[in-house]
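Two complexes are shown next, each including subunit A; its partner changes from subunit B in the first to subunit C in the second.
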Partner chain A sequence: MGRYLSIFLCCARACLVRDMTFRANFLLECLTSVGWMSMNLAFYLLVFTFTSEIGRNTGWTREPFFAFVATGLIINAIVQAFFMPSAEELTEMVRTGGLDGVLVQPLDAQFLLSMHRFDFSSLANGFVGIGLLVWALLRMEHAPPPIAWLLYPLTILCGVAILYSLIVMLAAATILMGRNQSLYDFWFYLTNFSRYPAEIYAGPWGSPLRALCTFVIPILLVVNVPARVIAQPFAGQTWGWVAAAIVAAGGALVLSRVIFQAALAKYRSASS
Partner chain B sequence: MYDKPEGLFSSISGLFHRTSRVVEALKGVDLTVEKGEFVALLGPNGAGKTTFLKLLSGIITPTRGEARVLGAVPWQRTDDFRRRFALVMGQRNQLWWDLPAAESFRLHKEIYRLEPARFERTRDELVDLLGVRKLLLQPVRDLSLGERMKLELVAALLHEPEVLFLDEPTIGLDVVAQHSLHRFLAKVQAERQMTVVLTTHYMKDVAALCKRVVVITHGSILYDGSLEQIVDRFTSHKIVTLDLDGPPAEERLKRLGFPYEIRGPQVILRIDRTRIADVLPEILRGESVRDVSVEDVPLEEIVAELFRSEAGQAPAGSQR
Partner chain C sequence: MMASLPPSDLQASAREPGLLQAGIDSWRIWWTMLVICLEERLVYRGDFILGTLMRFLPIVTQVFLWTAVFGATSRGDIAGYSRNDIVAYYLLTMVTRAFSSMPGLAGGIARSVRDGSVKKYLVQPVDYIGYLLAARIAHKLVYYAVATLPFAAVFFFCRAYFPPLPDASTLAAFGLSLVLSFFLGFFLEATLGMLGFWFLEVSSIVFAYMLVQYLLSGHMFPLDMLAGIPSGIPGVSLASLVHWLPFEYTAYLPAAVWLGKIKGADLVWSLVIEAGWVVVMAVACRIAWRRGTRRYSAFGG
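Then we have the complex of A and B:
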């Protein structure tokens, strides 16, 4: 475990050195990222000039909702910074045979393939998310209890684990297909569902979608659970959400591992 | 393998129905390499050389058959096995592109769990041997192909592998860089008693480094033996070059009955190797000769001829 941590840190260090080498690019990426996020926040502020709550009696009033958005920003920043760049590069590695070099190294291939490239500029959104969370929590009517503070990082980790598993499964599809350039697009479509409170998925279309995104592809648990833990009054029902997030994260990790290993066994390499 | 017919219509119909064919990249290959051997795998493009190296290094899994490298089944990809060999591919870059090679070496040290003192000692030894110390802090993308290949080799040898697979390491390199790599590889292999399997298209690599040559065509072994034996076994003649003072007497050359070629003041004859001693005095008697040389047929020529022959028509006894 210590060895994997030191390799992780070594890769992180090398990526930071690389990012600093192209500092203009780094700053531009930070600015683009923060700019896009600011536009989203402005849009939500605009929405709250017309309504005081998302849905009816959902509890997602302005401040809790911004805590929800902040939680999403933090989770996405972690995933975009630490896992997505490697997955995006994998497509090219499979197509050009660059994956060969990884497979001969005495290390878990999934680890190296999913965590060797980092994009630190994506963390900019995470820092803004932390600021937004503090701002929202200070203005909320109820303060989160100590148990919420304990469960919040845990459920954030569960959310990251679910998204990481999805990335790994999409990456496995890349290995099987030889080329999967729509990986990022597909990822974006999927994660789009996680960006809003589960309560909005109601009615004849919403309910099946909610069931699908909770039990089949547990994308709705990613942000909803930690956000609910920190931004909604802590009740018995919250424990059910937390348990669901833990089970979904564990199941997703196991499933993604199985799929990735099966895909690697089918790897044919590219001609040189 | 998917057979993609030409044209737009075929591409559209290919979305619904595809025809594929089975390509046997390797078949019936039976090879044993002893510890400390330096073996060259030769073959035309598509012969299966790189596939063979990929199998031996566990990158791909065969549909059937067995292989053991250092006692391990390569495609089981155990960490213990992967710590004991290295693969260098001349057409692939394994160093971090935007960073100096020193950063890749540092990562390598972590991956292979190298003790810091041992890592530094090996690295310094290798970079000094190749004369690339000043390149360590230069981003890899700014290096020439030859410089990059030298650093790729350093990275591959940092963990002191027992087996080294080299896939066309000198491809695209100039003569100076090739020569430098030859000297380096010969020295390191001899010192470490490392087992090396090399694929190449350059006969100079083979002549400089390998005693044993394996020729693969169509996924099968066509020849397995020493470099010298290739010459003895697959050519029946030698090349005699005469450097003349005046124009050659063509009538006399025709009478000798050997194939010949006139290049300015030079005459190049292909003479049966068993008759050289009888024929040479006769040739020299009738001409005003400034210089004469008797050489084997160039290796490139022999191997090219070998590649042209079908795998099934290999001369009897050429396989080990």
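Then we have the complex of A and C:
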């Protein structure tokens, strides 16, 4: 475990050095990332000029909703910074045979393939998310209880684990298919469902969709559970949500591991 | 450099005297380029179909979001849009974006400048902008051929959200605004790509453009919602300011025309402005190409 940690830190240091070598580019990437996020925040501010709540009696008024958005920013920043860049490289590695070099290393292939490249500029949104969270919590009618502060980081980790598992499963599909550009687009479109409170998925079409995105592909648990813990009154059912997130994260990690190993077993080298 | 090249049939035909023959040859070259580009696009048709279907997914969340917003408020409409209007608006902007979005165009032009592949268009009797336009029309034709079925299915499924079918003149205006939005989108992005002659790498500029375009084109929300938002200029709302820019013609205008939000003289005036923007951007693109190629230098084979 210590060896893996030191390799992880070594890769992180190397990527940071590379990012700092092109400081202007790094700064520009941070700015564009924050620009995109600011645009979305502007849209939500506009929405709240027409309504005081997202969904009737859902509790997602302006400040809790912005705490929800902030939580999503933090989780996505972690995933985009630490896992997505490696996954994006995998397509080319499979196609060109670069994956062979990874498989002969005396390390776990999943670890090396999913955590060897980092994009620290993506963390900019995470820092803005923390600022937004503080802003929202200071203006909320009720302060989160101490237990919420304990569960919040735990449930954020669960959200990261679910997204990480999804990336690993898509990476496995890359190995099987050779190329899967559309599947990575699919990842972005799928995570789009996690951007809003689960309560908006209601009615004859919304309820089945909500069930699908909670129990089959638990994408709705990623942001909803930590945001509910910190931004909604802590009640008995909150424990149920936390338990669901922990179970979903554990299950997703195990399933993704099994699928990834099965994909590797079917891998045929593309190199000469 | 031109003289050292073996005279091809294309070059020979391009040197034929006579305006009519030159026109026929030019059209034949353009048609050949279009057919080649069509064949290229169809090679990856599986990926294309999957990508097309996935583009509808974000609309689903928007439908649920606005349903929740209307569910929480007692208002019957927001900025003149009922809940059904907003859903129809988002679906119609999907159609508009299918015409006006030009994925990879600006980046592709800048890359061809950077890696030197643009020089083949300088020595061949092929107009680069014309070639790009043919390639983009081919791309769009394949896209429409593939996307018509999912689009028709989604629109049929969501038909209850739409008002009754507009009259013939509105439909004609809608069609015209779509065609113009294609040309406007093309020349806007092509001009951005031409900046590659000066900056080589334009990805940051393109990303900044995409941000502004996404926000101010009406892709994100109907621009009428900005009517009450101050722009910082006394007496001028943000909506009025946005109307002076070309972006709204690439998403908002056709959708607003179909929904009857713009009618009569306003509609005619909007189409005239849109056509004006197409001409302005086409000229800007041509000037950027001429000036860019004048300062361009390439070495090696």
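As a working rule, the second predicted complex is superposed on the first by the 270 of 272 C-alpha atoms of A that agree within 3 Å, B and C clash if a C-alpha of one lies under 4 Å from a C-alpha of the other, contacts with A are read in each partner's own complex, and residues count from 1 in each chain.
Methods note: a residue touches a chain if its C-beta (ideal position, glycine included) is under 8 Å from a C-beta of that chain, and two chains touch if they have at least 3 such contacts.
If you're wondering where the values come from, they're calculated on a predicted model, not measured in any experiment.
Novice: Between subunit B (first) and subunit C (second), which does A:P153 come into contact with in this model arrangement: first, second, both, or neither?
Specialist: So A:P153 meets neither subunit B nor subunit C here.
Novice: When the two structures are overlaid on chain A, which partner does A:R268 contact: first (subunit B), second (subunit C), both, or neither?
Specialist: Only subunit B; A:R268 stays clear of subunit C.
Novice: Please indicate which partner A:P145 is in contact with in the superposed arrangement: first for subunit B, second for subunit C, both, or neither.
Specialist: After superposition on chain A, A:P145 lies in contact with neither partner.
Novice: Under the stated touch criterion, which partner chain does A:T58 make contact with: subunit B (first), subunit C (second), both, or neither?
Specialist: After superposing on A, A:T58 lies in contact with subunit C but is clear of subunit B.
Novice: Just subunit B (first), just subunit C (second), both, or neither: which does A:G131 touch?
Specialist: In the superposition, A:G131 touches no partner, neither subunit B nor subunit C.
Novice: In the superposed arrangement, does A:G101 touch subunit B (first), subunit C (second), both or neither?
Specialist: A:G101: touches subunit B, not subunit C.
Novice: Contacts for A:G240 in the overlay, against subunit B (first) and subunit C (second): which applies, first, second, both or neither?
Specialist: Neither subunit B nor subunit C is touched by A:G240.
Novice: Could you let me know whether more residues of subunit A are touched by subunit B or by subunit C?
Specialist: Counting residues of subunit A touched by each partner, the higher count goes to C.
Novice: Where does A:F50 make contact in the superposed view: on subunit B (first), on subunit C (second), on both, or on neither?
Specialist: second
Novice: Using the touch definition up top, name the residues of subunit A that touch subunit C in the complex.
Specialist: Listed in rising order, the residues are 28, 32, 35-36, 39, 42-43, 46-47, 49-56, 58, 181-182, 185-186, 189-190, 192-193, 195-196, 199-203, 206, 209.
Novice: Could you please specify the touching residues of subunit B with respect to subunit A in the complex?
Specialist: It comes out as residues 50, 54, 57-61, 77, 79-83, 85-87, 89, 91-94, 96, 98-99, 103-104, 106-107, 110-113, 139, 167-168.
Novice: Name, in rising order, each residue of subunit A that touches subunit B in their complex.
Specialist: 3, 6-7, 10-11, 14, 17-18, 21-22, 96-98, 100-101, 103-107, 109, 265, 267-269, 271-272
Novice: Taking the complex as given, what residues does subunit C use to touch subunit A?
Specialist: It comes out as residues 47, 50-51, 54-55, 57-58, 60-61, 64-65, 67-69, 71-73, 75, 78-79, 204, 207-208, 211, 214-215, 220-221, 225-226, 228-229.
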